[in-house]
Amino acid sequence: MFLECQNINFRYPNGSMDVFHDLSFQMKTPGFHALFGPSGVGKTSLARIIVGDFNDYSGVVRSEGMQNLLYSYNLERLPDWSSVGKHLEKITPPSLRDRKNELIASFDMAETMRLRFSQLSLGQQNRVNLIRYLLQDFHLLIMDESLANVDERTREKIILGIKDMFPDTYFLYISHNVIEVSKFCREILVFRNSLKAPQVITVNGQDHKLGQTVSKDKLEQTMLEIMHAS
Amino acid sequence: MFLECQNINFRYPNGSMDVFHDLSFQMKTPGFHALFGPSGVGKTSLARIIVGDFNDYSGVVRSEGMQNLLYSYNLERLPDWSSVGKHLEKITPPSLRDRKNELIASFDMAETMRLRFSQLSLGQQNRVNLIRYLLQDFHLLIMDESLANVDERTREKIILGIKDMFPDTYFLYISHNVIEVSKFCREILVFRNSLKAPQVITVNGQDHKLGQTVSKDKLEQTMLEIMHAS
Amino acid sequence: MLHRRIYQFFIIYLLGLLVLFSVKYLLDLSDYVIPGLEDLAQTFRTVFLRYVSDVVDTISVAVIGQVISVFMAIVVGVLGRQTTWFGSFIKVAAYNVQAYPIVAIAPIIFILFGDGFLSRLLIAAMICYFPILLSVISIMSEPVHDIEHFYRVTGRMRWQLEVKIRAFENLNKLTTVISGSATLAMAGTIVAEFIAANAGIGYSIRIALYQSDLAKILTALFLIGITLSVYQGLLEIAGYLVKKGWASH
Amino acid sequence: MLHRRIYQFFIIYLLGLLVLFSVKYLLDLSDYVIPGLEDLAQTFRTVFLRYVSDVVDTISVAVIGQVISVFMAIVVGVLGRQTTWFGSFIKVAAYNVQAYPIVAIAPIIFILFGDGFLSRLLIAAMICYFPILLSVISIMSEPVHDIEHFYRVTGRMRWQLEVKIRAFENLNKLTTVISGSATLAMAGTIVAEFIAANAGIGYSIRIALYQSDLAKILTALFLIGITLSVYQGLLEIAGYLVKKGWASH
Amino acid sequence: SEASETAVYRLKWLFNASVIGDIYADVHGHFKARGLDVTVKEGGPERDAIRELELGYAAFGVASADQVIRALAKGSPVVVIAQLFQINPLQWIYRSENLDVTRVEDLKGKVVGITFGGNDETIMRTLMAKAGLTEKDISVFSVRYDYTPFYQKRVDVWPVYRNSQAPILEKKLGDLGESVAYFNPAAHGVKFVANSVVTSKRMMEEQADVVKNFTSALLQGWEEALELENEEDVLKTLRQFDKDTPPDIMRKQLVITRSLIKPFKDTRIGMIDLEAWQQTEKIMLEQNQIPSPVAVEKVIRKPF
């Protein structure tokens, strides 16, 4: 199972500049990976190219052994006609009932299950949306700022929980938080603007897991590497 | 000029728990202040109580010498019928032309001015929305996760820029980033859940300004205070 | 809400009369062109009871007609929402039915369905369904990306769910249009009666027209207007309740 | 898009004929009840040119009528969008106009406006405007919070801007409804001609009805349908261009 | 007998004085007495009895002569079994103060109301052709259903049904001191047949006795309805069906209807004026309303 992009060139139909110029990278091991880079650099665009939303790019996107690639983002909404708890029930396959409850607990969302989506705070909305994706059948899940409006402590708990529950799955986590990315991710694709070559540089993160301790030095080194890369 | 809340009690009409129970705080000096606390604790709700969006709360909200209280949030959109540059032009009073250009530069948005809102990346959308608020006449501006989707480096530049340009104005910055809040804010209202009393504790931040250096120790101390408070 | 509608109707009706009477006195028109106030009052007293029962008759058919129309519009709108060949075909068919003046196809309808209740109902529904259809199609063909994304990428999207999502997101618009269409159901029924029936206020209007009796027509318009205001008001209340019931708990 | 509409119309028309002819041959009906193919072809040849010019006449009135309707609907919709007393008053007034079958108020219209072009146009517009109105009201009365918030809190909101925002956000819905309403403008004009005019295809249909000449009516329906398909298709293209022009650069 | 035949009888127009005989026969049980269970149904502008005969929705009906001739031209198996109106009720009303139409030529330069496509157009064209007038000699006004243009004096002569609308107009104008007169085409040599009773060829062949019984019951109804001594009873019956016409007008309508259906003491109601039928066919042929002669006399079954 691996994901690979070769020489991607892409420009929006009505855009005036290339978003990607000969962008290439490989991702060969499952785990929690990141897309990192300044706002407007093309993280969302790449995510959508990977899942096949766009097709007017040149280059090759290959994903071997991955049938289900899911893209989730932070503006998604659940229909408001029933409580988010009911919605989650509805989209959970029977075999994943327990997983669902586990996720709700790990996401600190137990108390909000009886509310409707519009009655949730922004961070609660983010979380319930992510939960439902995690209950689907997928080999790669892209989380485009999916936890952007959640507080750090909860976010940490959530990431550790996900890594624990899905050790063999690919995640692409899009975030603007260097520390978080450095600490939790395995490989970090650092984006630079399209005039620089190569356009992305892969930095290895600390891949911190539940129950482990993080070396402060190593973490700072990763952060430095990222800073230098971008 | 000051802002004060006394014994605010509030519950959503169809909610089952109080969001605020006897919440009180005072804010007597202009500057860059923060609302900080876990997701779902009530930051957005308080912001909207302050600007007068809700009125079924008990308690007193007083703002002396502040006529214009503005609330901005990260999901706002600009109409898509013209470029964001044109929109900014339109809502800028003639006297603030230069300020506008200054802001655009400081927000790294010069290149996106000819695009329409829907063609911007999420972080670009956040930024252009904030710019237009800063061009209005206000005494207090609440920024509800207004920069949530912007990368850290740009965010820092923006915050420093704002503090420099508006030394005598009140800002209430809602963010989930402890470091940022500790570093840049003057007073930080740390929210705790509604069962604890008092519900908010005010922590003094480092109030870092353009051209100053931050003491790492002091910053860490502030962060610790915040951790303890919540 | 309801009684506001009613007294607003009174104002409008009185304004209408005022205009007519002004025209009458300004142009010095005789009583046979525009009836005088006395004549109107006299006619009103004479036909009032009979017309009330006619209007009740009409409104009951209109209610059924509206239900059918809403149903037809939703079915056609749901089928025609797609940009596929079939969707566009359904749309062309639905639009054509409307384009033909009902009087022109009435003979064909009578040939195919006889002259019973069915034809009348069909005519009423055909007049009423189209505006609802337009709205339904316009709402149903516009995706709500932020909500639909999940269902689409996880392969859970069924047409029922799609329709439900779009209807729910546009509930306000739909209830406005559906309660507004009461007016059309009423108009449609009256036209159907005018063409085909031997009961209802449309039938009475035809006779009044035939006798060139404007006073009777004004009485009928008054009763139609007031009944409709009530019906419309009730529907708005119902729409409000639906929204409350579905949208919040 | 356009030629798809046209051949889809052909299919529908042929299907309709097929049903009629099946009824005819199954029940062994004479040409008087349902014209035979030969009779139809003969009539078609005879009246074709005349009817084409009638339809052209009608469609030109319909186009003007539609423009007026859209204008009226937007004005009323904008005024009636508010939940104020005035807004609701305008709405009640607008709804009442529609509730009255046009034949019932036609005499009043003729008295007020004479029986020239103006009355006809007014009748056509009155039939066409209402469905557009319903959509406009439903769209105009629903705030687009995420966009309007800024203008509202900074005191920059004017009604023009509010209308512009809501129209723009619902451009797809509006163009669907407006181009769909072409159908109603056509139907409205035909009804107006049927009631009042001595030109246009509605007038020809009236004569054909007097003469119980179903073959002529079928010919007229064919020409109406095909003209409408073209007009409708052109409007859709126009709508598409408007969207493209306004929404992107 | 108990085993009664059911049949629908479709009228041409709404219930009013001009269909009194039809109603009377029903209400007074003349059909029932002959073993028929007849439902009398109102007509209307969109109704066509001949179509209903063919489709089996009706067994009997009322149709105007031009309808019958048109149907024949298109192969419809319709048969005429009685002619109700001996004089066509379709005439032109005008204000008699400043106009006197004694000859067709008097219409010269006048504004004449015509319903395009209607019988009155055919009749007026025939009259004009006979008098050598062309379209240039009069100005034609396109008539719709409401009378405002005539009330407003924008039109000089206006087509009306003599026995239904005319009394209403006459009263309205009379109330304001205006008097009216009528221009009757028959008086100028144009006999265009109006309403007659029709059935289908199949009824004629397969249920001849039902047709016979129906016809005699119907004509009995008409005879009795037009008897002078029955007038009060007749008006009472009529009021049950026609609630909108004021009593005084209704009485006038009845009197006029009598004069059109039974113009002379010795007229037998239902009598067929063959010559008028032939003239009607000829007129229609001349005006290209039918492509070729239909020999209308072949489908006329004299009622007695």
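Note that the chains take the letters A, B, C, D and E in the order they are written out, and that residue 1 is the start of every chain.
We take it that contacts are C-beta pairs under 8 Å (C-beta built on N, C-alpha and C of every residue); 3 or more make two chains touch, one makes a residue touch a chain.
Bear in mind the structure is a predicted one, so any value in this text is a computation, not a measurement.
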item	value
Both-way neighbours, i.e. chains that touch chain D and touch chain A	B, C
Cα-centroid distance, chain B relative to chain C, in whole angstrom	51
Between chain E and chain A, distance of the C-alpha-averaged centres to the nearest whole Å	85
Chain A, residues touching no fewer than two other chains	14, 75
In chain C, residues with contacts to at least two other chains	29, 33, 103, 107, 111, 209, 248-249
Junction residues of chain E - those touching two or more other chains	46, 48, 51, 55, 145-146, 148
Pairwise chain contacts under the document criterion	A-B, A-C, B-D, C-D, C-E, D-E
Chain D residues touching chain E - in the complex, by the definition given at the top	27, 29-33, 35, 39, 103, 106-107, 110-111, 115, 195-198, 203, 206-213
Contact footprint of chain D on chain E as seen in their complex	46, 48, 50-51, 54-55, 67, 70-71, 73-77, 115-118, 142, 144-146, 148-149, 289
Touch list for chain E against partner chain C, complex	14, 41-42, 44-48, 51-52, 55, 57, 145-148, 151-152, 164-165, 168-169, 172-173, 175-176, 243-245
Parts of chain B lying in touch with chain A, wherever the complex brings them together	12, 14-16, 37-44, 74-75, 112, 119-124, 126-127, 145, 148-155, 176-178
Residue ranges of chain D touching chain C (in the complex, touch as defined)	4-5, 8-9, 11-13, 19-20, 23, 33-34, 85, 88-89, 92-93, 95-96, 98-101, 103-105, 107-108, 111-112, 130-131, 133-135, 137-139, 141-142, 172-174, 176-177, 180-181, 183-184, 186-187, 190-191, 194, 202, 205-206, 209, 212, 214, 217, 220-221, 224-225, 228-229, 232
